[in-house]
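Let me begin by handing over the structure; questions about it come next.
The letters A, B, C and D name the chains in turn, as written, and every chain counts its residues from 1.
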Amino acid sequence: MINKQVARAAEALADVRDGSTILVGGFGQIGHPMALIDGLIEQGARDLVIVCNNAGVGTSGLPRLMKLGRVAKIICSYPRTAAVFTELYAAGKLELEITPQGTLAERIRAAGAGIGGFYTRTSAGTLLAAGKETREIDGVAYVFEKPLKGDVAIIEAWEGDRWGNLTYRGSGQNFNPVMATAAALTVAQVQRVVELGAIDPEDVVTPSIFVDRVVEIPYEPPYPAISY
Amino acid sequence: MRAAAERMVGPGLEARKAIARLVARDIPEGWHVNLGIGIPTLISDLVPAGREVLFQSENGILGMGPAPDDETPDPWLVNAGKQNVTLLPGASLFDHTLSFTMIRGGHIDLCVLGALEVADNGDLANWSTSAADTAPAVGGAMDLAVGARRIWVAMDHTTKQGASKLVSACSYPLTAAGVVKRVYTNLAVLDVTPRGFEVRELLDGVDFDAVQARTDAKLHRAGVAA
Amino acid sequence: MINKQVARAAEALADVRDGSTILVGGFGQIGHPMALIDGLIEQGARDLVIVCNNAGVGTSGLPRLMKLGRVAKIICSYPRTAAVFTELYAAGKLELEITPQGTLAERIRAAGAGIGGFYTRTSAGTLLAAGKETREIDGVAYVFEKPLKGDVAIIEAWEGDRWGNLTYRGSGQNFNPVMATAAALTVAQVQRVVELGAIDPEDVVTPSIFVDRVVEIPYEPPYPAISY
Amino acid sequence: MRAAAERMVGPGLEARKAIARLVARDIPEGWHVNLGIGIPTLISDLVPAGREVLFQSENGILGMGPAPDDETPDPWLVNAGKQNVTLLPGASLFDHTLSFTMIRGGHIDLCVLGALEVADNGDLANWSTSAADTAPAVGGAMDLAVGARRIWVAMDHTTKQGASKLVSACSYPLTAAGVVKRVYTNLAVLDVTPRGFEVRELLDGVDFDAVQARTDAKLHRAGVAA
């Protein structure tokens, strides 16, 4: 019997190696796998490359991982959300790769979908296109972007089953479904594990094929929404 | 004339709302609209009652309603500024790849952004104040700037120091080249045309020369040859 | 008030011009917009380029459109489903562009998502890559593929509302959601039009932004499944 | 020896099922498997009871169950061969872009295809019998051939005319180069290795020389140096 459920977050991440690229779901606090980040902190891997839209908020989660010196590089669209990021970056202790938000999502999709690279108009003629191949297509300037693959993806979903099917709630999808497709190992934190078959096949957002491990982490309505 | 005077020194919340109201007035029914942070955020609540406009948020929402006015907002539902929002009947929820299919694929009728500078050739600078920014952050600005069918900018006409934000050439790093179609400020509404900025509308108590005096770029009168 | 519902199929397609590229949803008979094809037949446009996974079955729908001499070219992965296609193609009266099924879907997605082109390993080193740009990426051969955009998309869905939100049933999604994103005009045939708000925001598969017109065409469980 | 004799002249349904059963035997629990038309279609019903294998269909289904045995199949649910199918608990439904994300993105553990020819370097020809095919049709074969983690072929060992389908070089147009890892026929199971076809298993009543006699390519005995 297939059973992808794992009891604890750190156990689900036990085989993460130093130097891994970790795709981390979420947009701000929503759909952001806080328990799995804590599991990563407990687990101990170092020199991580973190791919996440934001750099976290406050002092727990990603900011704590950064503060502990475990992050070598961060690839994101909007890191200016955590003070510790700004400090470490200013001190030259953290490498940063800024990617436009849509390009970040599309590069991750390309990795998951077996696309070797693609052309986008986004960032053409700007500093963020510096050093990248460009091409004129039908008279318009495009920038060549490469796939961005993870060794591990940690994501947050709403319900999951023992095969790894996932649903999401509200604006909780964001980067999670696409990141699930693009890593060698995908671990999902879910609010509840339900019986196989309890999720209507038409309601599945992330089909089970993309998910390797499921950890049940029920929690109260999460964080106060923070505006920045 | 107090309102006009206030516009000269930079708008407070009411003046910012006045800018947002002008934009809201000009959005036709049925448009799909993405709003940036700052003054644009104020627009959604100012659309005339009964006019159906669909607001999109790049984190995966189409059909956002007003901010929740009760004590128990849905904590799993936030907009791109991470503020709690509501959904209208007919709303839809989706992931980032479909959201940026909408944005980059030319499906968004209008994106209203704030800006650091807009040049009279439509160049937009709104993401970074320096090539050596200490911690640059771009978010979805570059995708929206090239992908939406129309880019309008809603911003103060000048910086707090009084410098014009409508310029003949951007000094800050570009978000995208040649994309801005219209600018709404606390002084005027200006179209970006082949000959440069054209004053489409002056706000109450403001005349053309007063706007030109506060603008780095040369202005043109609508319908008047240069 | 936004209302995208149109009473009749031919009315919804009234402004289709000669020479248009038409994206036609469906995989075999399922999710295939038969009533809209009939509307296209009634409407009269000629020299059409049809993009559809198959060439239809039997003598109605696409085969009838072809038989009437209204189709100049067909772009598909598996046209060998209709006898009339084989006849016209053998007689040199119909141009054919064969595209691998996944590449067909991805080219349509690229058009809908503002991607200028992409690299895929599919078809590398085969006849179907003849004349196409190739590139070696990380030691593997890739083929460059361009976006495939429609002037019109005609698709079939299950439920729709007056804004154009759509759901699908069973294996009825197939090419429909992606085609909805990739045409200047998208027309959906639905089994029933429901009140705005009746579709849960989390159940919407095609958000309303991608749909321009909705035609209600209720019908009995469709065609007998045909195996070929 | 009747079964063995039948294998020599080309399999009927029972012999085709025997090939399919061997493939089914070798699929471990938890694999995600896409089946082509022909003999591969028979595999799903032959997986040993209690072993969970997830069958994918490129038209948007993961977790297909057996063919419907009642009089009222769901007409909206068909597989890639357009036959009505059922869903297992845990199944999911999706569109073509997500389906080919699975396929092209390397998420499918195994694809079992039929073939016109397989070469001893793993080249696969299964979509067209001629460069001037009167009406070529490729379907998803090329995407599956390059995208699945493993390609196994299940086919008759020879054509109806008795020509070997295991060849030293394909004469038909390729579907993909160097992708086949294993071949199941009515005579043997063969691995594609760096030195060519290696006989992994002989079917009952068939010996190595009998297989070699019906094979265009040179065969190797497993574990025996060339």
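Going forward, a contact is a pair of C-beta atoms (placed from the backbone, for glycine too) under 8 Å apart; a residue touches a chain by one contact, two chains touch by 3 or more.
Treat the numbers as computed from the prediction; the structure is a model and nothing was measured.
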Those chains which touch chain B and also touch chain A: C
Higher-contact pair (C-beta pairs counted), C-D versus B-C: C-D
Separation of chain B from chain D, taking each centre as the mean of its C-alpha atoms, in whole Å: 57
Chain centre separation in whole Å, for chain D relative to chain C (CA means): 29
For chain A paired with chain D, centre-to-centre distance based on mean C-alpha positions, whole Å: 36
Contacts with two or more other chains, residues of chain A listed in rising order: 106, 109, 113-115, 120-121, 168-169, 202
Multi-partner residues of chain B (each touching 2 or more other chains): 93-94, 97, 100, 103-104, 146-147
Arrangement of touching chains [line / ring / star / complete / other]: other
Listing of all chain pairs that touch each other, if any do: A-B, A-C, A-D, B-C, C-D
Chain C-facing residues of chain A, complex: 106, 110, 113-121, 135, 137, 140, 142, 167-169, 202-203
Chain A residues within the chain B interface of the complex: 27-30, 77-80, 85-86, 89-90, 96, 98-103, 105-106, 109, 120-128, 168-178, 205, 221-228
Residue ranges of chain D touching chain A (in the complex, touch as defined): 29-30, 32, 52, 54, 56, 62-63, 87, 89-94, 97-98, 100-108, 146-147
Residues on chain C engaged by chain B in the complex (per definition of touch): 1-2, 109, 111-115, 161-163, 165, 181-182, 195-197, 201-202, 204, 207-210
Touching residues on chain B, where the partner in the complex is chain A: 57-61, 73-84, 93-97, 99-100, 103-104, 128, 131, 134-143, 146-147, 173-177
